[in-house]
Amino acid sequence: MSTPALELSGLKKSFGKAEIIRGIDLSIGKAERHAIIGPNGAGKSTLFNLITARFAPTAGTVKLHGENLAGLEPYQINRKGLSRSFQITNIFPKMSVFENVRCALLWSQGYKYSFWNLVSRSRLLTEGADAILEQINLLERRDLPAGTLSYAEQRALEIGITIAGGADVIMLDEPTAGMSNTETDYITDLILKVTAGKTLIMVEHDMGVVFGLADRISVLVYGEIIATGAPADVRADPKVQEAYLGAALEAEH
Amino acid sequence: MKKFTKLGAVSALSLIIGASSAFAETIKVAFIDPLSGPFASTGANGLKQFEFAADYMVNDKGGLLDGAEIEIIAFDNKTSPKESLIQLQVAIDQGARYVTQGNGSAVALALTEAIDKHNRRNPDSRVLFLNYAAVDPALTNEQCNFWHFRFDANSDMKMDALTDVIAANEDVKKVYIIGQDYSFGKAVSDAANSMLKAKRPDIEVVGDELHPIGKVKDFTPYSRKIIASGADAVISGNWGADMLGLGKSVIENGFTGPIYTYYAAGSGMTAAFGETGKGIIRLVSEGVVNPSPSPEATAYYDAFLAKYPDANIDQTRISNTIGMLAAAITEAGTADDVVAVAGALENMEYDSIWGSKLVMRPDDHQLIQNINVSAHTNEGVKYTFDSSDYGVVKESTVEMASADIATSCKMKRP
Amino acid sequence: MNDQITTDPSKPAQRMRAGSLTLTLAPWIISAVFLAILPQIFTNNSTLTIMNQMSITIVFALAYNMLLGQGGMLSFGHAVYAGVGGFAAMHIMNMSDFFASIPLVVLPVFAGLFGMGLAMIVGSFSTRGAGTVFAMISLGVGELIAACSVIIVAFFGGEGGVSGDRTYAQPFFGVEFLQQIEVYYLTAAWVIISAALMYLWSRTPVGRMANAVRDNPERAEFLGYSARWVRFYSFVASGFFAGVSGGLFAINYEILTEENLNTASSGVILLVTFLGGVGYFFGPIIGAIVFTLLQTVLSLSTELWAIYAGSLFLATVMFFPGGFAGLIMMHVAPFKLGKLRLLIMPYIKTLIPAAIGILGLAALVEMTFHVRHAAAGDNEMTLFWTTFDSHSLIAWAIAGAVTLIGLGIARVTAPSLKEAWDEANTAGGAS
Amino acid sequence: MDLILVNLIDGLVTGLLLFMLSAGLTLIFSMMGVLNFAHASFYMLGAYFAYQISIALGFWMGLLIAPLIVGVLGAGVERYGLRRVHQYGHVPELIFTFGLALLIEEMVQFVWGKNQMPYSVPEILNFSAFAISGNSIPAYKIFMIFISISIFIGLLYVLTKTRVGMIIQAALSYPRTVEALGHNVPLIFMGVFGVGTALAGVAGVIAGPVLGTFPGMAFVLGSIVFVTIVIGGLGSLWGALFASLLIGWITTFAKAYNVKMESILNAIGFTTPENMDESMLRDLWSLTSPQIADILPYILMVLILIFRPAGLFGKRTQ
């Protein structure tokens, strides 16, 4: 078996006395679409933040392509090919839509902290950013300040920024939260399109999105994964039904 | 649009600068001192005295030469060397050939150097620097130049007079020296140490320290040290809020001996010391106001008070400056050729109405004059300060103080 | 130069390159030509001196805005970098052998390097955060170095400062910089060069990321950039250009003192930059020009200049937080819509009475000041080229009436200005 | 030994005075995020108002009325100035207070002139309370200590025992939540700003007679108030108290004892260079503790920010 894209073992996190993540072991393979679901307060966002080093874990390890990420800063992890979005829209509101994407391209195109290149002179950067704008259907909004976009557009932009750097592991935190049904469908299609061939890990509440997108699902309850498996298996799992899914599933189908 | 802003700005600029350069009949003296900011009161007070002196001594008597009047043009330097240099340039462009300044040796050093360079580089528009109050000895020693004349005694000369008085006071056995941490404070301390040693070897200097200038909020810890040291007298070159803060704190915490100071009068300080400073604060200065040294001085002061009832003449050297400048211009027969005027000023002997003969020493352009030590009191004060009941009364005089004091000045003449 | 940094409108390079190049270069060339011919119009030295002071402030303010406007870092001690650069330049001036071997025109580079060196040291621990931590460290370091200026006499020369003579440098094509006009051209050249370099910096990857980090440091971290290092580079670059302004100061004044380092100077540059507008590259330039005029020219006219300057700051912050640049750029939208002329009449109707009212108010202030502080019997005062008796009731009545009527008219016409403004900013309609 | 006691008392007075300023500022700063540069200006206004009132009605009425006027002014500044600027963000707010500080100083000069005001200790307190080996402790200092401690106790009571205090404490940590709970946060802000400036006013009233009442008194106090609250930790009243006393004592003791850098350097094994004038480090060698007493708090602050950005007692960083 090849090295998993992301491997968590014995991951724990406490805030003071409260143990939020109580030991998680999870392995996500390359090009897999993995959804993490669970009730509010289960620790999903905390888990994301542990993986991306926004928080330091209390115990346990996170491995990306077999490499231990302990002690690395978020930007170092990003350079290793892991990129994420945020639950609350997290873009550069005062910069133009185009610039938002261009900034996301800079590092991967090797510009680093250079001050001897002019960004507007690089055809690769401009074309790359425009290509991504086209993918996320924001080419028309290119020169507007990102803060003036509609909510759905900002979420799309956020996904665009997340994938722009060419990371092969993409983590999306509730990409469809707060959206109408049409908007949700639009974003779901978008995610399918832009993450093709990449490893996707997402937290999501909308079960329609989860079951439409995910290859495998993990159910997180009170800081522990109570089930992992293909959508059908998870749905059938009595533990899951008991803890969380039952009512929601019946309401949906 | 950047261009337009700039264009508008510059035309406004030349309007203002050009407006006053239209008249050429007067002899312009540029007064470059703080008129805003923390030292504005001293500057504004000095300006009044200059304007009054010019009017009273020259203009009201028909002017100089062919009736040219002395015009004092005020420039606010905000006690900043940079601003002073800008204003100097503006003053020269407006036709001022005489520059006077007094507040702050840093500014004086910057100005004297800039004027020296200007005169070298622009022989057509040379100016003289009439320094009426900056007392850093360097100005008439290593930093001296031909264009600079000092009408105040420098800090070494004042200390010479002060230590003469201290030496005569048998009660003083222990002295505490405290000053602001910069060149003037250090100069005071050095001079006090060496002169006391020479004049009264038995006096013990029990403390000698510098505190940050303008930064001390509460002088209590210093007062404690002074009192704990058992000092009989304190010497301080402090000025402004540092002087008042130190003086009040030392007295409040139980000190009763004399405090010998350079600048503990006027600018609100006399009023603020009030009763507490009586019999304690001593002041070394040139010129006497109480008791009035001459009928001319009385007439002068009365006329000044008629014009400015709330102000006081705490710098008699200002009228000396104007008087000597007028005499030099008359002698030289020109106001435009500043080299000739400087030549007339050098070695000039002049009788001040404030009870002293004045001699401008040619070696270093330092004025030699009587120096007095006065006491802060409310008894026998005709001319009080700060509209209070208090003022300073002369206690003793050192005639032609430090007339033979050495100078390291190597004057280069044009 | 006039385009807004925050929304870079640059079109794809291949489409617009030739056209945009001319467009980008135009303001620079016009400024350079303008600066070059200016001394032909204004020949007196004091104007040149004031222009030089403006130029120095422009470079410093632009450098400061690299931090505040572009990097989102609020510094209370930036004068330190300009000051240390300037002091280093003075010391180089005083190293006679070395100084005689370099032309004076390169001195600002050395000053910049020293400013940059200090920024590297301080930046290594201060740029970890933006916000309050950065601001307070800058305040602390600023106070420390300012305090050192009177303690470490060997480098800072005590309160007398360090002085030197610029003319001892190697003559530059025969120019010895004896005259003010020669120094003017040197300073002007440096202003253009520094402004251009700082502008280009904002277009580089690290310059763009400075904006990104300012807006959202966390997001930037997840794009592969360390917010700390991005801040560090901005800080160091800003330190370099601040040092250059210090070097220009050294050349112009030939003396540096404690005043170049103290917190008051640091505060002034913050005000200057903000007054001009932090959101636009050219904002600090306007701020520097206006402030220098206030400080140097207004203070020649009135002792109360600081009251007016303070009021201007408060009014700007309260009503135009974008500064003067923001005020100007507000008119871009009506201009693009072709509706700028709709605003002309309402502006005349409101702003002229308002200006007259404010001048009336200033007259009242000046008269109060005169009555309180002038010599007894000296009732004559001159204001706006009119000489009158400051104790006469009629003068007060006139000034009061002018104030009331001016502000009253402005108040009455303000709503229609607002209407016109809304109309001018709405697309379509009658135009 | 006696001198230590005297210095402890002096340092206590300095520290408590600083506390009266920093208490208000830390509340304002941590609730509203405003670095109020004009805080010391309100202190100055307190002194000037009290001086003016004391001429007509005596010192005690000044002590009573001046802080009230300052507080009302402060609340007015919040209501009509800061609140408007608040929407633009923190930097404009800060510039606003910066400009306000400049303007207040100019206005004070305009009204009262540029000289020192003869504002002095009331006769009834103008005697020596007691003396420790020749060092008299003025009764006025005891009075200052008494006033400051009463204010601290009062403040502590209001913050911990009253409903308003609870809301303020909550608003310190979770301003948004408090607003969501239906409390009138703008009103709380205005109140806190008013009370904070009034406290600064009290400090001005009682410090004016001993530290001098002059236009530069706000500037002299300068940024040390910020240093205090940063060292103490934002939003922590105890931190402000601790840092104020710490600064009071550090500066007092550094001034009271002439510790020479030379002796410190010698003690850690450096030898004094033979020819001091030649040494580039001569200024370092001749350094004494009174010279650097007033910059010690800044050094302390920078170190604390580097190693403990939340401050000594702080729970959060900004």
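To keep things simple, chains are lettered A, B, C and D as they appear, and every chain counts its residues starting from 1.
Here is the rule we use: contacts are C-beta pairs under 8 Å (C-beta built on N, C-alpha and C of every residue); 3 or more make two chains touch, one makes a residue touch a chain.
Nothing here was measured: the structure is a model prediction, and the numbers come from that model.
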Item checked: Chains touching both subunit C and subunit D -> B
Next item on the list: Using the touch definition up top, find the fewest steps from subunit A to subunit B.
Entry: 2
Note to self: Based on mean C-alpha positions, I'd like to know which chain lies farthest from subunit D.
What the structure shows: A
Checklist line | Per-chain Cα centre nearest the global Cα centre, belonging to chain | finding: C
Margin query: Taking the mean of the CA coordinates per chain, how far is subunit B from subunit D in Å?
Written below: 35
Next item on the list: For subunit A and subunit C, let me know how many angstrom lie between their CA-based centres, rounded off.
Entry: 44
Next item on the list: Indicate the whole-number Å distance between the mean C-alpha point of subunit A and the mean C-alpha point of subunit D.
Entry: 48
Checklist line | In subunit D, residues with contacts to at least two other chains | finding: 113, 291, 294-295
Note to self: At least two partner chains per residue is the criterion; list those residues in subunit C.
What the structure shows: 147, 151, 304, 306, 373
Check: By residue number and range, which residues of subunit B touch two or more other chains?
Finding: 40, 44, 181, 212, 215
Note to self: Can you give me every chain pair that touches, using the contact definition above?
What the structure shows: A-C, B-C, B-D, C-D
Margin query: With touch defined as at the start, can you tell me which subunit D residues reach subunit C in the complex?
Written below: 35, 81, 84-85, 88-89, 91-92, 94-96, 98-100, 102-103, 106-107, 110, 113, 222-223, 226-227, 230, 234, 280-284, 287, 291-292, 294-295, 298-299, 301-302, 305-306, 309, 317-318
Note to self: Which residues of subunit B touch subunit C once you look at their complex with the stated criterion?
What the structure shows: 1-3, 5-6, 9-10, 12-14, 16-18, 35-37, 40, 44, 48, 75-76, 78, 80-83, 85-87, 89-90, 92-94, 105-106, 109-110, 113-114, 117, 121, 136, 138, 181-183, 212-213, 215, 306-309
Check: Hey, which residues of subunit C end up touching subunit D in the complex?
Finding: 68, 74, 76, 125, 129, 131-133, 135-137, 139-141, 143-144, 147, 151-154, 263, 267, 270-271, 274, 278, 304, 306-307, 309-311, 313-314, 317-318, 321, 365, 369, 373
Next item on the list: In the complex, go through subunit A and note every residue touching subunit C.
Entry: 52, 54, 73-75, 78-79, 83-84, 86, 90-96, 98-99, 102-104, 106-108, 111-123, 126-127, 130, 143-145, 161-162, 165
Notebook entry, point to check: Tell me, which parts of subunit C touch subunit A in their complex?
Noted result: 6-10, 12-14, 200-201, 203-209, 211-212, 215-216, 218-227, 229-230, 233, 237
